[in-house]
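Each structure below is given as structure tokens.
The following pair of complexes shares a single chain, chain A, combined with chain B in the former and chain C in the latter.
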Partner chain A sequence: MVSTSDRPAPRALAALGGRLATAALTAWAAVTITFFALRLGTGDPTASLLAQGLATPAQAEALRHELGLDRPLLEQYFTFLSGLVRGDLGLSLYTGRPVLRIIAEQAPSTAELAGLGLVVAVGLGLLLGIVAAWFEGRALGRAAAGLAGLATALPVAFTGILGLLLLVGLPGSVASPVWAPIRRLALPGLVLGYASSGAIARVVQAGLSESLLRPYILAARARGVRPRARILWHALRPALPPAVSLGALEAAYLFGGTVVTETVFSRPGLGRLLVGAILQGDFPIAQGLVVLAAIVYTASHFAADALAMTIDPRLRGQI
Partner chain B sequence: MNRPARSLTAAAFILLALVLGAACSPSPTEPLTLRYGLTLAPTGIDPHLNASSELGIPLSSVYDTLVFLDPATGEFVPGLAERWEISPDGRTYTFHLREDVVFHDGTPFNAEAVRANFEYTLDPENHSQKAASMLGPFESVEIVDESTVALHLSEPFAPLLDSLSQVYLGMASPSALEQWGPADYQFHQVGTGPFRFVEYIPNDHLTLARNPDYAWGPSIYLASTASIERIVFTFYEAEPTRALALQGGEVDVVGEVPPRDAARLAESGGFALTPVAIPGQPLQYFFNTRRPPTDDLPTRQALLLAVDRESIVRTIFGDYSPVAQGLLSAVTPGFSPDVSFPSFDPEAARDLLVQSGWADADGDGVLSRDGQPLTIALVAPNWGSNPDVAQLLQAAWEQLGAEVTLQVAAGFGPLKEIQASGAYNAIGLNFFGTDPDLLRGFYASDGLYNWSGIADARIDDLLRQASQLPLDPEGRRERHRQVAELVRDQALVLPLRDYVDLVVSSNRVQGLRFSALGWFPHLIDLRLEP
Partner chain C sequence: MRAGAPEWLSAAWIALVVFASALAPVLATSSPGQPIGEALLSPAASPPLGTDALGRDLWSRLVWGGRLSLAISLGAASLTVLLGTVAALTAAALGGWPDRAVLWVSNSMLAVPGLLLALLIAAAMGPGLPAVVLAVGLGGAPGFARLARTAFLQVREEQYVLAAQALGAGRAWISIQHLLPNASATLLSLATTHYAWAFLGTTTLAFLGLAGDPSAPEWGTMLNAGRANLPYAPWLALAPGLAISLTILSVHNLGEFLARRARR
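Take a look at the complex of A and B:
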């Protein structure tokens, strides 16, 4: 995590420990809010379960009892919490399968997509941000800034369908051997990553534009440091930590925000699992996913803090 | 090379590696494979326990049923049962089973297998969402001999044969049920049908392979064994992606194509459009008879008259959907063609309201009576174009002088919640099925979906009688006709559009035909031109 060469104070580790406690509290709050929101907001799950059949009211009541849904809500909540502590996320109402297993089956697909999305988001974000700052005021810079602006403005549902349209429209594309992997992963990753690249690009551009005007850059030039690469790195380094924090936020967002991408590209994954669970009232799955989201979110923030400290040593005392 | 440039290069390499890595997966010579696009990814696909219509598209070809419903004649024809008798009191059904039938796993099909299936479906711990209720007043199953089985009911139940003809009561291998149990059987389904279940990866795909030993198909199948070797089903939940999947050559068939896309593809010449009428109820709105102002008959009648159903259907569903003409869609057995609902007549609607005391006293455009404004709480489900339809209903009723609040329920759970609160005047809900007995769930006073809140002894009696006449189809039909009349005369429901599934297939696909339930293709009869 933290680079040892610079001897971070134990203070920093204690602070991280404190963060862990906060994170656990946050996760508990998220789980609790979700539990009650799902249970109070989506109605009786047996209604959804039986929606496509013509059960008698007596049959409906029997199912409620069988699923333990006739118990007081608070009792159900504590049952769920005690299961959670033991790593048991309960059973799907629709299939009776363990929620943990269902999530584990769908997670790799989402991880793959979100991973590629993050690479694209960071890569494209850096590229667009640097180009926009370096060529500020010129056509190239304006184009990069414009692309970054569009990235935040266009919904994934739009860029996704547009991408699919272009792919289908390419003559001979379907028969080509690279078509399937592009359709399955590369295009979804690009679409997802592009959506997140805009914010990163803006932060990079803003930071870079600012530091390019700093005296130390002038000093570096005066020392004869070759322009471009070196100067770029000198100027970029202080501009990166905010971008990294943002990248971590985006990573968490990507993980949860694959919902639309997965639907548009018909990919399996957690996003579609979540939508299906909520629409059909399979609340144990939705709850399980919220627990997972809380973990991913917290973990990516840890990673971001650690990374920010590595890049900018000045931050080490502050966290 | 400096650091950012290096990481950018690395990123580019990772991307390239991902693309190429996936591209280099081996592709052995494929068997003749049909790719079929599904439109929902159901949670749970065991038809005995789960209820989705979508699951039946693949699985009605994995299972055979004791009987089949012939879509052409509306008659039940032999399936796994060669013949059957219904006792004069309508409470015992005796099925004589075929003796030459073997499950895909080699287990022989016999009376014991039938019993195992019913026990699995009815076990309360297995939480059957549909199949269990389809058995109605089921009492017990009796093994008469190796190939004869008797079902005993506590009272006559006319829809039983219809239930037994559906995939939800398809016959599964008792050894597979035993081996996998309710949570995992869905991934290892074993039937006796023309296709065998290969694998199911949730949200990704489901694969079937032809059953070369299939030799006991019902008369409704044209082919005796399937010609297509494999069928791979994939999911297209986002509507605009269905046409793209067809154009891109990803799938050969897909259902529920939006009307505009369907028309465009059909005109393009490379595709065939098959509109499939789905039996059951039309898209419809129930009027709440327990809440003013819809507790008042003339007001309900006026609301019915004020809606231009034809124009709503054309606007939203294009030219492919018939305007609904009754409680059941026109292709449903038991539909009463001679009970017609009143057609659009805004003046008559206005007159009715005026005659029953509604007037625009303060000139604000909203009618009122006894100081109460004509306020309609309209509740629409969020599926099946209901939100669009509801907007047009809102406009029509506002035109009439009502104040209309529109609420779209985000799923069935929330819809049921609003319904249970009683805070609605009109609410949308429909149900698919081939037996008119489904009306009992909606218009009997104790029906699970009696959302108009009607409690009419005549309707209750007629529906109960009809459900107990398994041997008298004409008697049933007549009673359902009378129910349709009563419901129409009391203006309990506004029927709008008969459901039509727009299935589009590439021209390579031949022999696309559908079961009586509408949704399910006879996969055995499909052929794929090279």
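Take a look at the complex of A and C:
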């Protein structure tokens, strides 16, 4: 009987395993860097409590002991890592509640915003990209390309303010319940999605412009395929894989954009939790959020790679 | 490659901002920190631009704010360009493991979006202007280093570098005498686009309240403060927001123009 290990592993699986190992290594590096940057940077996280008169020196000393800050750095690091593996991110300095529970409470709000943002980003990105390529050189095409360019350059803080002003200008009071869902979710999602749509539009436009010049488009034209079908089916399909993997990456970047969007619209969520924790000096929350974000980013990079390899088999050979 | 209307308009706006910032003490009609009258006066009632929620002159705050915003973003961008260029030049000149190390470090830093990296540094240092400069400056360095490395590697393939090597020139000599000057057009366009990024980054962090003093005249901080009175005094948010956006767009425009010209 031949042992299975004698057979060479399929190349696709080997490539995927390689990416997985790299992703795990990057996540570990990010967690380590975060841990040491925060320990060496802030010095003593209880100092802010003392400075604000929220704790007496004796209480601060007790808290330092409780947090394990009086132990050697390396020991703290391993305690933190073993806690992380068990899903324990420590307690908030101010409320004393588990960090993981606080994060879990705020996560749905951010996920909702980021989800809508992603839908808008992909939809708008495809639309702007297709229009820009289809009407290239004409006014409509230039307008679409311009809108896509503005999307990447304009600060989310400013587009958010413009959106809010638009809402103020709408008929009826801003406080009226009719506009509540728009103000709460639709507008923030639109603002966030627009910011990310620029990059997607650019990739779609570049891909379309290139594939429209290919011989198979000429062949489709010779066969009498209508222009609309030619663009939307024959030319767009080969232009999609790079847009798809970019979209997967944008999904990760959207979580960064939510930080600003949540502040503009005064929406609860992870972004505001992080900014608030930094401003207050609530060190375990900031640490937990950055560490979780680093893990999510590396995971989505891996997912984007895997997705690209599924769509384009040629990528499987490259490890 | 000639500059068209967009490039000239962009350059004109940047010149205006630099000019106004340099002459802030002369152009400002009053102190940016002291109330001059009633709060929330409209631009029509109190020329030139009205007052903010604390009765401070908006025009004076804008002019002084430009000075602060420019200074912070220039500090951050200088850090990015300096760190990025040194790392890229070292990588391109030495090759081998230093090259791989620079590439690995910048790639793993790029795996995390710039804003999160900036927030991590702000968290480590605590809010304040030094944290903002360092956070945005460091956050931009890996991207700059990777692109600059590519530019240096292209120059390294040129015949005159080979000729210099054949004549026995050392790596330091080649770096300073050949790589740096011949990649300068690309470096300039990279520095310009990274300045747009630095301006966006610093004003965004200030908008989030991480620049420390919430009453400082700084465009991002002012944009955030303007949110509170949006329905009654939209100009308080619109003025700094427009100033930030126009500056970023202009620098971006010039950066793309320089990039097209560097490619010839």
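Just a few scattered comments:
Methods note: the second predicted complex is superposed on the first by the 269 of 319 C-alpha atoms of A that agree within 3 Å, B and C clash if a C-alpha of one lies under 4 Å from a C-alpha of the other, contacts with A are read in each partner's own complex, and residues count from 1 in each chain.
Criterion: contacts are C-beta pairs under 8 Å (C-beta built on N, C-alpha and C of every residue); 3 or more make two chains touch, one makes a residue touch a chain.
None of these values were measured; they are calculated from a predicted model.
Aligning the two structures on chain A places chain B and chain C in a clash. When the two complexes are overlaid on their common chain A, residue A:278 makes contact with chain B and with chain C alike.
Look at A:293: by the touch rule set out above, it reaches chain C but stays clear of chain B. In the superposition on chain A, no contact is made by A:24 with either chain B or chain C.
Applying the stated contact rule after C-alpha superposition, one finds that A:185 touches chain B and leaves chain C untouched.
Residue contacts after overlaying the shared chain place A:301 against chain C, while chain B stays out of touching range. Of the two partner chains placed by superposition, chain B and chain C are both touched by A:168. When the two complexes are overlaid, the chain among chain B and chain C that reaches more residues of chain A is B.
Residue contacts after overlaying the shared chain place A:264 against chain B and chain C alike.
Only one segment of chain C in 4-12, 58-66, 148-156 or 220-228 runs into chain B in the superposed model, and that segment is 220-228. Residues common to the contacts of chain A with chain B and with chain C across the two structures: 41-42, 48, 157, 161, 164-165, 168, 174, 263-264, 277-279, 281.
Listing the residues of chain A that touch chain C in their complex gives 26, 29-30, 34, 37-38, 40-42, 48, 150, 153-158, 161-162, 164-165, 168, 174, 252-253, 256-257, 259-260, 263-264, 274-275, 277-279, 281, 283, 286-287, 290, 293-294, 297-298, 301. The touching residues of chain A, counted against chain B in their complex, run 41-45, 47-57, 59-60, 62-63, 66-67, 91-97, 102, 105-106, 109, 116, 119-120, 122-123, 126-127, 130, 157, 161, 164-165, 167-168, 173-175, 177-178, 180-186, 189, 229-230, 232-233, 236, 262-269, 272-273, 276-282, 285.
For chain C in complex with chain A, the residues that touch the partner chain are 108, 111-116, 119-127, 196, 200, 203-204, 207-210, 220, 223-224, 226-227, 230-231, 234, 237-238, 241-242, 244-245, 248-249, 252. Listing the residues of chain B that touch chain A in their complex gives 2-5, 7-8, 11-12, 14-15, 18-23, 27, 41, 43-44, 46, 49-53, 124-127, 129-134, 182-184, 186, 201-204, 234-238, 240-241, 244-245, 247-250, 410-417, 420, 431, 433, 438, 440-441, 446, 448-449.
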